[in-house]
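Shown next, in structure tokens, is the structure this report addresses.
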Amino acid sequence: MSAFQAVLLRDLRVAFRRWSELAHPLIFFVIVVTLFPLALSPTSSQLREVGVGVLWVATLLSSLLALDGLFRADADDGSLEQMLLSPAPMTITVLAKVTAHALVTLLPLICLVPVSAYTFNIPLAALPTLAVALLLAAPTLSVLVALGAALTVGLRRGGSIVGLLVLPLTAPLLIFGTRATDLSVNGEPTTAPLLFLGALAALAVSLGPLAIAAAVKVGIE
Amino acid sequence: MKLPRWFHQLGSPPYVYRLADRLCPWLGGLGVTLLIIGAYWGLVIAPPDYQQGDSARIIYIHPQTAYIGMMAYVVMAVAAAIGYVWRLKLAHAVAVSAAPIGAWFTFCALFTGSVWGRPTWGTYWQWGDPRIMFEALLLFLFLGYLALRGAFDDRDKADRVTAILAVVGVVNIPIVHFSVEWWNSIHQGPTIFRAGGPAMTNDMLVPFLIMVAAFTLTFYWLLLRRLQAEIIEREGDTRWIRELVAEGAP
Amino acid sequence: MTDRALLCGRELAVWRGERCLFEQLHFELGPEQLAVLVGANGSGKTTLLRILAGLGLPTAGSATWKGTSIAELAGEERAEIAYRGHHDALKRDMTVVENLAFHSALWGQEQAFEDILEELKLDHVAHMRARYLSAGQRRRAAMAMLKLQGAKLWLLDEPTTNLDGEGRALLVEWTHRHIAGGGLAVIATHQPDEFAMRGALVIDLS
């Protein structure tokens, strides 16, 4: 079994052993998505206009919730330094952890979105684009969230500052993602923003682990 | 890697401090002089824009502040990267000094842009305009850098962690610049840095460039002054600082 | 047995802000040699061990393993150094067996560990989640992870904490066996006599 597989399986195993915590981001997502129509009291066409943006913002915010599990838990019990000291390159280990996080946190969120899209009167025809856009944005989002977690792993109380760091960096995802969905709602071709999302994902996955590994190394010295 | 002597000299705090002392009067004097000349030229002498009238005179301030904000970020990121790779505390000091100055210039860019936007496009703020959005992102990057820095007790760790953040964020700089070409934006396309030369007539171009030079010199003057303060704080109670105080330095 | 030193510390110094923990520290360690690290609490034992493990850099000086700076080691050479600090690196939600299997996969040392568990008297809790183990049992599990790594250099930070008499005796025996088999060890401890053996180097940080 390679180190990548070992770390991935271990993170998945630990996450599922605490499955009640897995539900937190999902519940948060549902609450946020419900709060917006309550606050706005929109008509059904207004719902559709804000719906896309609300769904994307809610996804971004919810993905921040499972942050602590990425590095802090491992830092606290000493596993993170053992991973640093092992012969496996830290970038591979980080990639495995980010993948596990994406599978456990983002994938369920993305599954929730089409259902919520329906409640916002977003036409069914636009849902595949929405799903594809989210899937393309997921790797970048995972990498950015992991970067935030890694930068703050050395802090005793990382908490609130991570949002300040990570959320502005997710702005491009928001811009392209909502644009793709809006175009799809209007029946226009969506290749351009989707390609951008894909390009961002490729960039994030190839360079992100380097920055994350460096941040972890500095953080737990 | 064998590095030239001047590189090592630049790693010495007392040397840099004294160098800053010698450079600052020139930078500051020239910078402020050019600011006055450029401001008078631009605000009084240069002709009003044929479309926007007098409100376009903000072209002598707004693009410059934006440009300096971006330059400050690049200075910060490059210095932080140098400090990270070669473990030079002085490089980190430069990065820390550049951050608040860059943040202020970026804020001024957003503010002056907003002031310009009202008479020109009828709005103080245009959500969804890519250049505004990415410039705001730049401001958040600066603020994030400063916030993250402040959260660490250990200065050495703070230096290196924030260096990573600074380098990751440098991606935003070309995005801000090219955003007007890549997307539809209420901003006009690039006027100076474009194929075919600047699109401005000389009577506007000259004060424009004077203000660019003025703001650049002022930025470096501010940077060096902040750097001196940062050096003193980091070096603390060392011999050369005690000598400096004894000499009656400012 | 050769005279070649494998682990070298030259002019090591560590400053924490304005405070100097230690400076001008020199030492050399060759195969079949043990170093005992002593000093009062806060004297820098943990910091030194972490520097030797590559988890931090000294303020001045250098620490090398086989001539290469420890911070720059990678891959196989990095695997020759094992560090056990105050934390046991056990995931509380995984069983002992799962933890050990993960650890050996991470180090690329897939091997059976039933006999190690038996020697440590952990076989009857092998399939229990680590959260239900006592502190002493977790320490023993950490010992098993150390054995599994098969490293040449052992860096142990107060390894006898939480261990009962039997556990301590076992650890000392393992250490002596490791040294006799050509290994090296640097052990921070408040009881230097426990690990006493011929040719042991004493590094005193107070």
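The first chain written gets the first letter, and so on, giving A, B and C; residue counts start at 1 in each chain.
Keep in mind that, in the parts below, contacts are C-beta pairs under 8 Å (C-beta built on N, C-alpha and C of every residue); 3 or more make two chains touch, one makes a residue touch a chain.
The structure presented is a predicted model; accordingly, all values stated were derived computationally and were not measured.
When each chain is reduced to the average of its Cα atoms, B sits farthest from chain C.
Top contact pair of chains, counted by C-beta pairs, is A-C.
Taking each chain's centre as the mean of its C-alpha atoms, chain B lies 48 Å from chain C. The distance from the centre of chain A to the centre of chain C, each centre being the mean of the chain's C-alpha atoms, comes to 37 Å. Chain A and chain B have Cα centroids separated by 32 Å. Looking at chain A, residues 221 sit in touch with two or more other chains.
For chain C, the set of residues touching two or more other chains reads 57. Chain B makes touch with chain A in their complex at residues 128, 130, 133-134, 137, 140-141, 143-144, 147-148, 151-152, 154, 157, 160-161, 164-165, 167-169, 175.
Contacts from chain A toward chain C in the complex involve residues 1-3, 5-7, 10, 13-14, 17-18, 76-79, 81-89, 220-221.
Residue ranges of chain A in contact with chain B, taken from their complex: 147, 151-152, 154-155, 161, 164-165, 168-169, 171-172, 175, 211, 214-215, 218-219, 221.
Taken in their complex, chain C has these residues touching chain A: 50, 53-57, 74-76, 78-79, 81-83, 85-94, 98, 102-103, 105-108, 110.
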